[in-house]
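Below: a set of structures, written as C-alpha cells.
Shared chain: chain A. Partners: chain B in the first complex, chain C in the second.
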Partner chain A sequence: MGKAFGFFKKNILLIIVLLLALVPVAGVPSYQFYIIERGLQNAIIVLSLVILLGYTGLLSLGHAGLLAVGAYTFGILTVTYGINPWIALMVAPVVAAALGALLGIPSFKLSGPFLVVTTIAFGEIVRILILNWEKLTGGPYGLGGIKSVIPSAKGMYYFLLVLVFLVSVATMRLSKSRIGLAFKAIKEDEVAAEVMGVNVRRYKLLAFTISSFMAGLSGALFACLTNYLNPDSFTFAESATYLLMVVLGGMANVVGAVASALGVTALPEVLRFMVRSRMVVYSLVLLLVIRYSKSLNMKTLRKVLGKPEGSTLGGGE
Partner chain B sequence: MSLVTFVQLIIQGLNMGLIYALAALGISLIWNATSLFNFSQGDLLTIGGYVMLTAFSYLALPYPVAFLITVVVMGVAGYMLSKGYFYPMFKQNFNPQIILIGTVALSIFVRNGILLTWGPDAQTYANPFGSKAVEILGVNIMPHYIWNVVIVAVLVVALQMFLRGTVIGIAMRAVAQKPVAASLMGVKVEQMVSMTFLLSTGLAAISGLLVAPIIPLIPEMGGLLAIKAFAAVLIGGLGSFAGALVGGVIIGIAEVLFATLVVSTYKDVFIFAVLILFLLIRPGGIFKADISEKV
Partner chain C sequence: MALLQTNQLVKKFGGLTAVDNLDLEVKDGEICGLIGPNGSGKTTVLNVITGIYKDDGGKVIFDGKEIQGLMPHQVCEMGIARTFQNIRVLGSQTVYDNVRLGLHIRTKADLFNIIFNTKKVARENEAIREEIEEALDLVGLLEYKNELTKNLPYGKQKVLEIARAIVAKPKILLLDEPAAGLNTAETEDLMDIVRNISKRNTSILLIEHEMAFVEGLTSKVYVINYGKKIAEGTYNEIKNNPGVIEAYLGRGGSN
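The block that comes next holds the complex of A and B.
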C-alpha cells in the first residue's frame, strides 16, 4: 500500500512536470509564459518554507528578505563585478544561507509570535538596507541590466523546470531522512525530541540554513527572470504571500506546495478581468481557505495528490 | 543640542509613542484572551484612519461625532470578525499557527480592501486641533501633541475602570486568566472574546485616527506601524497593560532621538535591531505579565 502511494505521488509530480514541459511547445503567449516561469521560481521558495514550517514548525515572515539577499547577491556579482552568472548562481544561495543561519539563532529561545516578529524585523531590516545602500544596490532606483544564466527564454524555462523537479524530489526525500524525522520531531514536541536525543538547536539551525539556501536560490532565479531588481519586490506582503502559498499547499505537502505556488502566482493574472478588485478577491479566497482548512482537511486533495509528508493541515492542538 | 530642542524631541516621540501604545494595547488584550498574536492590527489601525477620513473629511461631520462613529464602526467590525472568523477557529481547536496565519491573510485582505475603496494616493485631513504651535517655557508644542496625550490618558483610565469595575470587564479578565473556570462560572466565553476583539479594534481605530493628521494615509502604512506596535508590545511585555504603554513610549522616543541624533534613514533598522536584541536577552519584555496583571 505504501509503495503504491509512493508510486502514485511520484507520478503526480512527474505528470505536472511533463505537462509543464509541454508549455513552450504549445506556444503560450510570452507574458503568460513569464508568469509560469515566475510560478516555478516561487515554487522553490515555497518549498523552502515547506521545510521550515511544514516539517520543522517554524514560522517565518521574513523570507522575502532572504529572497532579496539571493537576488541582490546575484545582481551585484554579475552586474557590478562582472562575475560569471553560473558562479553567481552558486554564490547567492550560500550568502542567503549564511544570513539565514543567523536568523536561526533567535529560534533557539523564541517560539510562536516572538519568532515571527523577529523574522518580520529581519525582512524589514534587509529591505531598508537595500533601499538606503544606494552605492551597492541602486537603492530606490533599482539594479538593472542583470543577465540571466541562460539567455534563451525556452532554455531558462527548462532549466527552471528541472531545478524545481530536483528540489521537489530532494524535499520529499529529506522528509523521510534522519534529518527530516528530526525536524518533524521538533515540530511535534520540542522537549520530547530533545529527550529522544535530537539536538534541537542544531536541527533548527539546519532547517533555517537549508530553507534560506533555497530562498536564496529562488532569489537568484528571480533576478535572472526579471533582469531588474527593486526593493519593492521584497516587502512584508511578499513574505506573507509565500506563507499563504504553503498553507494553501497543505503545509508539508511538496506537490501541493508546487501546485499552489504555480496557482497562486497565476491567480492575479487569471482574475485580471476584475482589474481592481482581484487582489481583494484573492485575499478573501485565502481567508476562506484558512477558515475552512479543517473541514476541507485536504481530504479530497489528499486523495488526488497522495499522502502528505507530515501531519494534517489543521491538526494538532 | 540645546535642552529645549531635546525636550521638544522627547515630546514629539512621546506623541508617536502613545499612538503605537494604543495599537500595542489592542494586541495585548487579544493575546491575553486568546493567546493569538494579531498580525493585522496595523491594517485595522489604517482602516480606522480611513473611516475617520470619510466621516470627518468627506461627510464633514464634527470631529467628536466622526471620532465616535469611527470607533463604533471599527469596534463592531472587530466584534463581527471574532464572531464570524476567529472564534469558530478557536472553538474547533485549530492549530494556533493556522489562526496566526489567518491574521496575516486578514492583513493582506484589509490592505487590498483599502486600496480598492480609497485608492492608492496619500490622503490626509486637516488637523482638528490646529497647526499653530503653542509656546510653553520656550518649547514649541503642537496642540495635537497635548490633545493626543489627553485622549490617550482618558482612554487608559476609562479602560482600566471598565476592565476592573464593570461586570463585563471582570468577566473579560476572567476569560483571559482561566477560560475553562470562567465558562464554568457562567461567563459566556465567546461573548467575552468577541468583546475583547471589539475593544482591540476600537483601540487600533483610535490610534489610526490620531496618526492620520501626522502621517498621511496610504494603504500600506499599516505594515511599518504594525512592526512598531509589535516592538512596543514585545519590549514592554506581551500581555501587560503597563508594558504596552511603556513599550510604545520607549519606541516613539527612541525612534525620534535616533533619527535626529544619528541618521534618520536607518531609524527603523535601529528599532528592529533593538527589538531583536530585547527578544534575545529578555524575551518576556520589561513587564513580564503574570496572571494577576493580565488585562
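The block that comes next holds the complex of A and C.
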C-alpha cells in the first residue's frame, strides 16, 4: 500500500490533469464547465505567486494589476488593432513581465509590510489608469468583443489544461534548480544568500519578472474566457483572493496551488444554492481550513509579513 | 605575498569607531587568527571585508585588487567565503541543498535550460553531486545529506556552514568563531577539518575565543581592541604581551 501511495504522490499532478481531461467527456453543464476553466486560468496566476511568495518570500498584493495588464494588452491588441490573438497571447505576458520587473525594483530596499503596501499601490494605479484611460481601454464601459485564441469551448478547455500542466512542470523544475535554490535562500536568509554569491537584487528582479509573466499569461487567458473586460474584475479583493489561494495551497507547493485555485474558484459557485448566506459560509469554510490545516505554514507568512530586514548581521560580538 | 590585506581600514557606526585604521595581512596558504575581547570589532572586520558593511576609509586588497565597496556577492565571486558566528544556514532546506547553495557561483544553468530540462542541467547536477558529497564527507555530515537542516544539532549546523563555504572553492575562508558552542570533542574534530581545508591550498582567517584552538592552528595572530590592532605575532609571542593581557583582564592593581 505504501508503494501505491508513493506512486500516487509522485504522479499526483498527472493524475489531477488526467481527471480534469475527462470533464468535457462527462458532459458537465456549460456554466460549471466555465467555472473549471476559470479555475485553471487562476491556477496560472497562483503558480506565479508560488514563485514569488512561496519560493522567494516576496509578497505581492498587486497581482490583479498584472492580470489586468495581461488581459487588457490582449484585448486592446486583438480588438482595437486587429492583431492575431496568438501573437497577442505571446505579447501580453511580456508586457506584464516588463511592468512587473519595474514593480520588483522597490523590493531591493523594502521588505515585509512596506513592500506589500507598494504592490497594493501598483495594483490600484493600474486599475485607476484603466478606468480613466477611456480611449484606450473603454474605461468604465469596459472592452468587449474579445475573441478567444480557440473559439470552441472544449478546445479552449484542453488548451488551458495543457498550459496549466506545462506551467506546473516548469515551476517544479525551477524549484529544484540553482535559481530556485537562490530564491529560497533569499527567502530564508538574505545575508547568507548574498555572501554565498547570490546577486540578491538580480534574483528578486528575476522572481518578479517570471511571476509577472505568468500573471500576464493568466490575464490574457482571462480575456479569452470572458470576452469582455471591465476594471471591476481587477480590484484589490482579487489580489487578496490569489494570496488566499496560494496560502491554502501551501505556498511553495505546485500541486497544492493548482488544487487550491480550482477549489477556491469553485467554492462560491458550489455554495450558490444558499443564496444570501453564501459568502458567510464561503468565508467560514476558508477560515476553518486555514485554522485546522496541518500543511499550512503560517510561520513563513508571518515572517514574510512582519520581519524587518537584516535584524542581525553576525553581530552580538 | 599577502593574499588578503587590509590597509588603514576604518568602520564607524555614528560616533563609535568600530574598526580603527586596521592593518591585517593573511599570506597565501596561511591560517591567521583574529582575537580580541568581546565588542572589539572582530566580526565588523569580517563584515567590512565581505561587503556586508561599507567601509569608512582605508583599503581591502585581495589577490592584488582593491575590493572595498564591492557587493557581498561580488566579494564571494572574487574568492572569499565566510561563515557566521550565529549560524546562517537554511533551516527548511536539506543539508545537501545547503551545500549546493555554496556552488551557486560555480554553476551556470540558466532559466531556459532549467525550464526545458536540457542535458546541460542534468550534466551540471551530476558534476556537482560528487563535490557536495565530498564536502559533506569532509565535515562528517554525509549520512545526514537528506535531512532537513533545522533538525541537526547546533554543532553539526556549524560545520555544515563550513561545507557550504568550501564548495565555493574560495582562496580564503573567513571563520567567525567556528568553535563557539561546540563541546571538546566537536572542537577537536573541527580543528582537523580546518587543517584539512588549509591543506587544500585555502588560506584561513579565523576569529576565535577558544585559545587552544587558536594556538593549535594559527601561524599568526592579530589582537584587536576597540577596533585597533594592539598586537600581532605567533600565538606564543602575543600570549605574554602585557597589552593583550590588559585588554582581556584589565590592569593589575599596584598595591
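Everything below uses one rule, namely that the second predicted complex is superposed on the first by the 277 of 317 C-alpha atoms of A that agree within 3 Å, B and C clash if a C-alpha of one lies under 4 Å from a C-alpha of the other, contacts with A are read in each partner's own complex, and residues count from 1 in each chain.
To be clear about the criterion, contacts are C-beta pairs under 8 Å (C-beta built on N, C-alpha and C of every residue); 3 or more make two chains touch, one makes a residue touch a chain.
Because the structure is predicted, anything quoted here is derived from the model rather than measured.
In the superposition on chain A, A:P113 makes contact with chain B only, while chain C stays out of contact range.
By the document's definition of touching, of the two partners only chain C reaches A:A170; chain B does not. Once the two complexes are laid over each other on the shared chain, residue contacts for A:N199 go to chain C alone; chain B is not touched.
Once the two complexes are overlaid on the shared chain, A:N230 sits clear of chain B and of chain C alike.
Partner contacting the larger number of chain A residues, of chain B and chain C: B. Once the two complexes are overlaid on the shared chain, A:L181 sits against chain C while remaining clear of chain B.
Contacts of A:V191 after superposition on the shared chain: chain C is touched, whereas chain B is not.
Counting contacts as defined above, chain A residues 313-317 meet chain B in one complex and chain C in the other.
Chain A makes touch with chain B in their complex at residues 53, 57, 59, 61, 105-106, 109-110, 112-114, 116-118, 120-122, 124-125, 128-129, 132, 235-237, 240-241, 243-244, 247, 276-277, 279-280, 282-284, 286-287, 290-291, 293-294, 313-317. By the touch rule above, chain B contacts chain A in their complex via residues 31, 37, 39, 85, 88-89, 92-98, 100-102, 104-109, 111-113, 115-116, 220, 223-224, 227, 230-231, 234, 238, 265-266, 268-269, 272-273, 275-276, 279-280, 283.
Chain contact summary for the complex, chain C toward chain A: residues 38-44, 46-47, 50, 52-53, 71-73, 75-77, 81-82, 84-86, 88-93, 97, 100-105, 107, 109-111, 114-115, 117, 121, 164-165, 168, 176. Looking at the complex, you find that chain A touches chain C at residues 170, 173-174, 177-179, 181-182, 184-185, 188-189, 191-200, 206, 210, 312-317.
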